[in-house]
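So that you can tell them apart, the chains are marked A, B, C and D in the order they are listed, and the count of residues begins at 1 in each.
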Amino acid sequence: MYRQTYRIRMHDTDAAGVIFFTSQLRIAHETFEVFLDSAGLGLGPLMSRADYRIPIVHVESDYRAPVRLGDDLTVEMTLDRAGQTSFSLRFRLLNTAGAEVGTVRTVQVAVDAGTWQKRPLPGELRNALTSNLG
Amino acid sequence: MYRQTYRIRMHDTDAAGVIFFTSQLRIAHETFEVFLDSAGLGLGPLMSRADYRIPIVHVESDYRAPVRLGDDLTVEMTLDRAGQTSFSLRFRLLNTAGAEVGTVRTVQVAVDAGTWQKRPLPGELRNALTSNLG
Amino acid sequence: MYRQTYRIRMHDTDAAGVIFFTSQLRIAHETFEVFLDSAGLGLGPLMSRADYRIPIVHVESDYRAPVRLGDDLTVEMTLDRAGQTSFSLRFRLLNTAGAEVGTVRTVQVAVDAGTWQKRPLPGELRNALTSNLG
Amino acid sequence: MYRQTYRIRMHDTDAAGVIFFTSQLRIAHETFEVFLDSAGLGLGPLMSRADYRIPIVHVESDYRAPVRLGDDLTVEMTLDRAGQTSFSLRFRLLNTAGAEVGTVRTVQVAVDAGTWQKRPLPGELRNALTSNLG
């Protein structure tokens, strides 16, 4: 499991006084980006050096309780599945009382950086996912 | 069915050269907002006058082909289901060749504006959904 | 002058009930993108075919009145100055009563797409700006 | 001076491969939000308890060098001026070599939370600004 904290900022919210629904997805993805950094596979360097990309092909997101400006969340990320050409991550967002306020699932597929065609999951990525998120 | 066109703008995209995954969800939601306007239930006036809110409690989104800056999309919105306290919408995003490049499903629940507790779907909203999106 | 209308959407707003301050800048830039489309210089095709880019190097934005969800704005764009290597645009945002609720000024510079070094303003762009926005 | 670090994330970038111009402004504002938290004046609690708001009435932003995905920035925030009813902040964004890649200036005004009319800068806010950012 990979765990990160996040405090809700003004730009995450909307006029209903809670977070705009896409913010939860962005926060989940940021957690994944921080994880990749920690595994030496940060997306910035990766886009320069690597011949693959890992676009998102599916997401699901559930919202169980209103999340407001200033709320502190813990984001827990786990590996759902690492397949031949794709992988799936699960995220739980917990408030300071430990209650689950939201969940996210993402599916990403490995593609060739040039042709954008599916390819096997790169070894470095599979290793990072399976050894750190088991 | 409700239908709208959208051209991808710079702010929708990311450094991978395609739209950031949350943009597809925002574009779907904008279509819903435009629909509500057309039905006389625009979210701006509604938040002043009405005693209910309709927060999103679930979304799903699939990405079937890369969508790039300047691409013209048609967004088709249909009613998936109108229940006692919630409703579900489906969105298809089509490119100019008519190919489906993405889909979105959203579930929204009616809540009291003050307590944020579930309540029956307001009649004006149910009517707008069932009479225009059947 | 180039003129466009825009209705404030949920994603433009924040928990203070008004538009998040960066939304005004994004709305101004969208107006510029739509203008470029109308002049046959849309940013999408341009990034594929052209050897130049036009990054923003300076912006200023003033907020004169609260702008809320559902508000209808007219955005008026004029050319402030077209120099050797850069150009400046002014935007006025007006509400339905004709009152100015905000202004934006942007400065963009022409650079080589490869080296990101300054270069003379391309003729096609200079023509589009001076013949349509005078 | 208040100082914070920030790593550029995918959602900050656009198809030109650099940060979208509004991201620099959002990053500056996040630094201010974190500062307010540290001073016990976090915007979340403030919006519940306080009878004032501090909307932005003016911003300026300069972009001196391309900033890319994964770049590490240091954001330095200083008080430019604390007036009777408004205050102004300056932000410098530095890369890891210490070069200034961007600057931001914001002006915020104190208003009554109900009427949105100008009011004197609250003492708690003036103290936080002048004692910590001198």
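One rule holds for everything that comes next: contacts are C-beta pairs under 8 Å (C-beta built on N, C-alpha and C of every residue); 3 or more make two chains touch, one makes a residue touch a chain.
Quick caveat, the model's predicted, so the values are computed rather than measured.
**Student:** Computing the C-alpha centre of each chain, which chain sits at the greatest distance from subunit A?
**Tutor:** So the chain farthest away from subunit A turns out to be C.
**Student:** Where are there more C-beta contacts: A-C or C-D?
**Tutor:** Result of the comparison of A-C and C-D: C-D.
**Student:** As a quick test, compute the distance in whole Å between the mean CA positions of subunit B and subunit C.
**Tutor:** Between these chains, centre-to-centre, one finds 27 Å.
**Student:** Would you mind pulling out the distance in Å between where the CA atoms of subunit A average out and where those of subunit C do?
**Tutor:** 32
**Student:** Between subunit C and subunit D, what is the separation of their C-alpha centroids in Å?
**Tutor:** Inter-chain centre distance comes to 23 Å.
**Student:** Would you mind listing the residues of subunit B that make contact with two or more other chains?
**Tutor:** 10-11, 15-16, 18, 22, 26, 29, 47, 68-69
**Student:** So in the complex, the part of subunit C that touches subunit A is made up of which residues?
**Tutor:** Checking each residue of subunit C against subunit A gives 10-11, 13-18, 20, 22, 68-69.
**Student:** Contact residues on subunit B for subunit C in the complex?
**Tutor:** It is residues 7-11, 26, 29-30, 33, 37, 42-45, 47, 68-71 of subunit B that touch subunit C.
**Student:** If we count contacts the way the header does, which residues on subunit A are in touch with subunit B in the complex?
**Tutor:** 15-16, 18, 21-22, 25-26, 29, 47, 53, 55-64, 66, 116
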